[in-house]
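The next block holds one structure in the form of structure tokens; read it before the comments.
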Amino acid sequence: MNVKPDFSKNANQATTAPAFLSVWDLHAYYGESYIVQGISFNVHEGEILALLGRNGAGKTSTLRSIARLGDPQVKHGEIWLDHQPLHNMASHEAATVGLGLVPEDRRIIPGLTVEENLQLAQIAPPIGWSIERLYDLFPRLGERRKQEGITLSGGEQQMLAIARALARDIKVLLLDEPYEGLAPVIVDEIEKTLIHIKEQGMTTVIVEQNAVRALELADRAVILDTGGIVFDGAAAEVLENEELRAEYLAI
Amino acid sequence: MDAILLQILNGLDKGSAYALIALGLTLIFGTLGVVNFAHGALFMIGAFCAVTVQRILNLSFETIDETKTDFLGNPAKVKTAYVESWFGPETGAAIIDWSVPLAILFAIPVMLFIGYVMERGLIKHFYKRPHADQILVTFGLAIVLQEVVKYFYGANPIPTGAPDVFKGSFDFGVMLGFDPNAIIYPYWRLVYFAFSALIIGGVFAFLQFTTFGMVVRAGMADRETVGLLGINIDRRFTIMFGVAAAVAGLAGVMYAPINSPNYHMGMDFLVLSFVVVVVGGMGSLPGAVLAGFLLGVLESFASMNEVKSIIPGIDQIIIYVVAIIILLTRPRGLMGRKGVMED
Amino acid sequence: YTNEPTGGTVTLGFNVPQTGPYADEGADELRAYELAVEHLNGGGDGGMMNTFSSKALQGNGILGKKVEFVTGDTQTKSDAARASAKSMIEKDGAVMITGGSSSGVAIAVQGLCQEAGVIFMAGLTHSNDTTGKDKKANGFRHFFNGYMSGAALAPVLKNLYGTDRNAYHLTADYTWGWTQEESIAAATEALGWNTVNKVRTPLAATDFSSYIAPVLNSGADVLVLNHYGGNMVNSLTNAVQFGLREKIVNGKQFEIVVPLYSRLMAKGAGENVKGIHGSTNWHWSLQDDASKAFVKSFGTKYGFPPSQAAHTVYCQTLLYADAAERAGTFNPCGIVEALEGYEFDGLGNGKTLYRAEDHQCFKDVLVVRGKENPTSEFDLLEVVEVTPASQVTYAPDHPMFAGGALGTCNSGA
Amino acid sequence: MFGLDKKDTTLLIIVACLALFAPFILNPFPTGSAMAQFNAGYPDLMQRFVIFGIFAIGFNILFGLTGYLSFGHAAFLGVGSYSAVWMFKLVGMNVIPAIVLSVIVAGLFAVVIGFVSLRRSGIYFSILTLAFAQMSFNLAYSVLTPITNGETGLQLTLDDPRVLGVSQTADGSIPVTSLFGLEMRSTYEMVVGPWAFQFNVGYYLCALIMLVSFYLAVRIFRSPFGMMLRAVKSNQQRMNYTGLNTRPYTLAAFVISGMYAGLAGGLMASMDPLAGAERMQWTASGEVVLMTILGGAGTLIGPVVGAGFIKYFENIFSKINDTVLHQWFAFMPDGVEDFMVFVVHPFIGKGWHLTLGILFMLVVIFLPGGLVEGGQKVKNWIKGRGKSEDSKSGKTEPAE
Amino acid sequence: MGILEVKNVGKRFGGLQALGDVNLSVKENTVHAIIGPNGAGKSTLLNCLVGKLIPDTGSVMFDGQSVLGRAPYEINQMGISRVFQTPEIFGDLTVMENMLIPCFAKRDGAFELNAIGSVSGQKDVLEKAEAMLVDMNMADKRHMHAAAMSRGDKRRLEIGMCLSQEPRLLLLDEPTAGMARADTNNTIDLLKQIKEERDITIAIIEHDMHVVFSLADRITVLAQGTPLVEDDPQNIKGNPKVREAYLGESA
């Protein structure tokens, strides 16, 4: 039932610009339930890819598979990041070769202060931005550095989650709904930050329900539906394609 | 007055034993969140490390002495320890005499190894399982460890003495201007007290002055996210477990001269150490230590006849009464952290 | 009657602690039971069957039936012990239950046997109550008791420590401890000793330091430890650690007394027992023919000398078998009749009487002392005095044994 | 039937059949054969199976549904036993008033302990219940001896005052417990060839009460109340913000399970009129926890299975000794026989704890969710081999 | 007089004045939106209304009765239901059971010991829950464990649960965060429909301006713990203070 991804097009692109992060024929399960049903896509160095789709389409599951978290269990498929086979790694190993994930629900660690949450990210090498630099980027966090992370407001937590990912020296940043629960001004700010780090060469995959904003930011888009890819192409193309937007994004 | 002072001293010493045992338990239970019913067994194995070292040092060859007879009237066999024949009777006897302190050296690697094997082979698979499953599996393990020890060493207590220099007691009373004999204290218990302080301090320093403690705490709260930050939390959990096992073991080694080790001594301490840890508050090391001392001192006071005549049987239940009062007045024990094992 | 043996065999139930703190004692009891069965069936060297004054036993089983046995684990808990005894009665058809390593268990099982209509031969139980307020017609005890310990010890203590002493009691806080405390205090006060204090210690206590520490300052110069098993090992070890024995109080050397001794437990306390007095039911170093025969028989089979527990239960098995032979039946009421008021010799404690009024045996009691220079790992105690039975005998209506009634024998029919 | 759906009715009927035919089922081996050691069909053990079954069923109502892990439930069992024995001593030998009183007293006790302990949750709750139970045990063992008869345990004596009955029977023994004259201990023995089956009045009374208790438990599980208890376990916060007061729910569950424990205690005393303090010790509380987890916490039948499992080991394995082993392996050549005995020896008789410990570990490692869920997995696996894989949906239903 | 009257409410966390001096009046049968930057104290205010927090100063009256000092379940029984910022549902229970519980709470009150009657026998409650599932478009997920649902679905379930209690005041804390556009639109429709069909007052916190402007009759802008302005939607959009503090240029 899932449309076979237009692989040839990717492959063609790959010859011109070699994929930086490449996911090939990924199948993942939560226990018995088959969720990610054969997904393949490439992300090129320095680009922003928007991964879109309805609730329950499998976006989070895909990101989690890439980040090598135990659930869902990847039963088949390959994931390459900068010539490193992620699919053979545990999540902490994937993190040390440069993968950064900002999970949905932010996952701020209870019992640790804001600063400790950031310090935690800088224990295992390689280390990215300094904590002071992160406070410059998110002054609100600097003001609350001694507060327990989970008592932050929703938006502040989101900032902390992004800051925590940047505290590590990463090659690719996976963002799972980074704008969720943020005030429009902050969304603007984070968008600026993303552009800023993109300029510095960061490769980003962004999952977002605010599809328009994500598409405006992204270079390319992949649309998922019930665990399979239904579109893979330029972001602008989605914005122009009424049918696609209506059917899969309801915009 | 001197009676009260005496009981304070006593309580502090008792408390140091409780604190030390609870410290090991709280590393696993309060910090890793694993309900470890095998902790008492680890303590017991520590004590049996002392027994084993004593046995090893006493390994002997037998010669037949025609002048004596054994209980059946046959010529008696006389045993001579190898150490004594190698190092000469005097040095040999001295080495045997010091078997308990020597056992510390023996126990550290043994306990680290046991902790390692236990964590890697068993506990590792149980972090995500319900607490009930953890109870069942560690209780099963505790029984197995106990029975194995019983199989080799029997059920009777095995006397394991401290070195001769520590025999006898120290007269505090005279020092403080009381009558002689008013406040006496066995030397070995003083050693135990000092040793506990040392270990407790060491563990605190390790967790306080390194990020290790923070990482483990974080890992317990959310393993997945810690993994996303590039930290190999499994390895740290293993180390933590090894340290906890070693602390439990050392507490056991040093306890051997105080009371002769037997195979079920761990179970005797198990309930008490859980109470101490919980009263101290889940996830709090200082809490566990404080609760250990507090309960030790209160227990000592309750054992005084003056107190018992007011409330009969109070020494039987004092620990539980205090536990109930503390848990009802302070929701998370003395110094517990929020959200640790509260559901 | 219950479980009347119909085939060529008769089944006895050996109910001992196989797990828990008394497991080693239980194991030794089991060894003795097996030895007794072997001897009854005509195997081995016959052991004490050769020295026993009654010659009814032929070495062909009991009443011509081969003796078989089943074993169970009491776990030193009344419930478990009763469950185990019940399974022997209900499932295995045992006609007699024997064993035990604590008074609570013995009394519980004795009560059960009375109701079920089988004979109970109590093993190690030292509480006055077993043949006092909890006595039962179907139960017999071959062990001595708290009162007898006191009566036996008192004269020895008088010789050793004089009549002007101040005693401090530490007592395990349950029935056995209380009865022993009462007995010893009464016996020593009769000598003129003063009882300074009686302190109860919790059953679950493992560290007695807070109970020992105040002793020296109380003016006492003798410490009596009414503890058994692990409690005894720990309290004695603690007392010695505190250096009590090196102290001089009231111008006298401080002394410790452990009224009930057992070799296995003395071993647990190690060097701390040296020079400490107490009483015991039997010891392998006794030189009478019966004891020698038993030690030889046991020692040859197992390689070490038997404990008092082993001796007791061996005797019990023989006595039961003998009673059945003499009565010509396994009917509990026949056995009770044969044992009541029965007098015999040759089982290691001299002339012995099973008193009809309370089913308590009266025989010599040993006063022992921890040996200063043991020659082997079994040689821990030395016999100081064999107190003759007459000195430890009391009237059946003695107040320490008052209350309760023997009732009538129950055959379960 | 009985207001249950089909699946539950089937389960109830199976349990009823098992209980009814237990004397046959548990005695599969002919008396006197080498395997007869493994027979469990004698009154005392059968009674224990069902009594501990009741205890565990009740415990599971609290633990399995609400997730509150009480470590002091044995206290209720002990209190129930004491009440029942006092009833026999003072009032009469009929078991009905004794059982009723034990349930009531245990219930009152549970109200008090539950009211205090339920102010905390998680491990703090567990330790509070443990503390109460240990206090009860320690006091019963020593200070409360006038009421509990301490170490020895409360027993009937020849001079009990018993207002509705005699202190002693005509032949001078203690009267036995009965149900309106039907003696609990009377047993009919049926001999079929080499087999002997025992039908005991006490057992059937216990079994009947167990069935009623089990039926009630099923009803509770399927009731709105049961669903609320599961909701408590799942998310108390949501409960509160949905207008539900969690405290009365948990307290009700606590008291109900305490009454089950009291019932078990009363039955125990009715079968064998003795009540000992050890029944209240933490190890006894721990035992019911183990039974429940071993069988499968939160499942209907699991606790009963777990109770049977542990009691079987305690009573059967502990009784196997070397002599029995030699009988089993007698057919082998001498050397092999001795070797086999040597190998098996550490695991039986005095080593039964070892076997039990190993089995605990094996069960929990390989059958997460307990014996019942393990059994279901095996069933599914066998079924699944017949059909092809068709369980793709992520739907999981709570096990029975 | 509004159905909800908040007067001079203040709340401090250590050194942080999370709520300064909040006055708020919500009129019956209106939708009142509370917007404001992250960390403004919106969720804190809600917590003060439902009994999760007790304010340091001020009073909260619902329908003429004070809610302060009452337990959360009592407040709920007065007719206030709340949807949380991170979904709070019964993860171990099925979707159907999740829906049943509030229906029981509505029918039976805070505590009802119906331990013998079976759930399947309670026809009225079953029907009501079923109808709600259909309304929320989740009937097909009836037997699923709630924990296994995607996050958007969890949030819709929670809204459904609150609605089935037929509250008089419904508090929504970012109900559509992380929801796909299509579902967001559905939710807006649903809320509109409910507002028309029932006597219900809604207070909603949202960062999605589309939602806010589609629903709200009245808007309060909260900033740093104090109300900045309160006005009708059309006026808010143009308010320069609001633009600066909250909306940013992209709105």
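Note that the chains are named A, B, C, D and E in the order they appear, and that numbering of residues resets to 1 at the start of each chain.
The definition used in the following text is that contacts are C-beta pairs under 8 Å (C-beta built on N, C-alpha and C of every residue); 3 or more make two chains touch, one makes a residue touch a chain.
The structure presented is a predicted model; accordingly, all values stated were derived computationally and were not measured.
Considering the contact criterion stated above, the chains in touch with chain C and with chain D alike are B. Each step here moves to a touching chain, and the least such steps from chain A to chain C number 2.
Centroid distances from chain E, each centroid being the mean of CA atoms, peak for C. Spacing of chain B relative to chain E, judged by their CA centroids, is 52 angstrom. Measuring from the averaged C-alpha position of chain B to that of chain C gives a distance of 34 Å. Here the spacing of chain C and chain E, counted between their Cα centres, is 75 Å. Chain A and chain B have centres, each the mean of its CA atoms, that are 48 Å apart.
Multi-chain contact residues of chain B (touching two or more other chains) are listed as 313, 316. Residue positions of chain A touching 2 or more other chains, listed in rising order: 30, 33. In chain E, 148 are the positions where the chain touches two or more neighbouring chains simultaneously. By the touch criterion stated above, chain B contacts chain A in their complex at residues 211, 214-215, 217-218, 221-222, 224-233, 283, 337-340. If you check the complex, the residues on chain C that touch chain D are 18-19, 23, 26-27, 30, 34, 69-73, 77-80, 82-84, 86-87, 90-91, 102-104, 107-108, 111-112, 114-115, 129, 134, 173-176, 200, 202-204, 404-405, 407-408, 410. Within the complex formed with chain C, the chain D residues making contact are 39, 42-45, 48, 138, 141-142, 145, 149-153, 155-159, 168, 171-174, 176, 187, 198, 272, 274, 276, 278-279, 314-315, 318-319, 321, 323, 349-350, 352-353.
Within the complex formed with chain D, the chain E residues making contact are 50, 71-73, 76-77, 81-82, 84, 88-93, 97, 100-102, 104-106, 108-122, 143-145, 148, 161, 165. Across the complex, chain B meets chain C through its residues 2-3, 6-7, 9-11, 13-14, 17, 68, 70-72, 76, 150, 154-161, 167-169, 179, 181-186, 188-189, 257-260, 262, 264-265, 268-269, 299-300, 303-305, 308, 313, 315-316.
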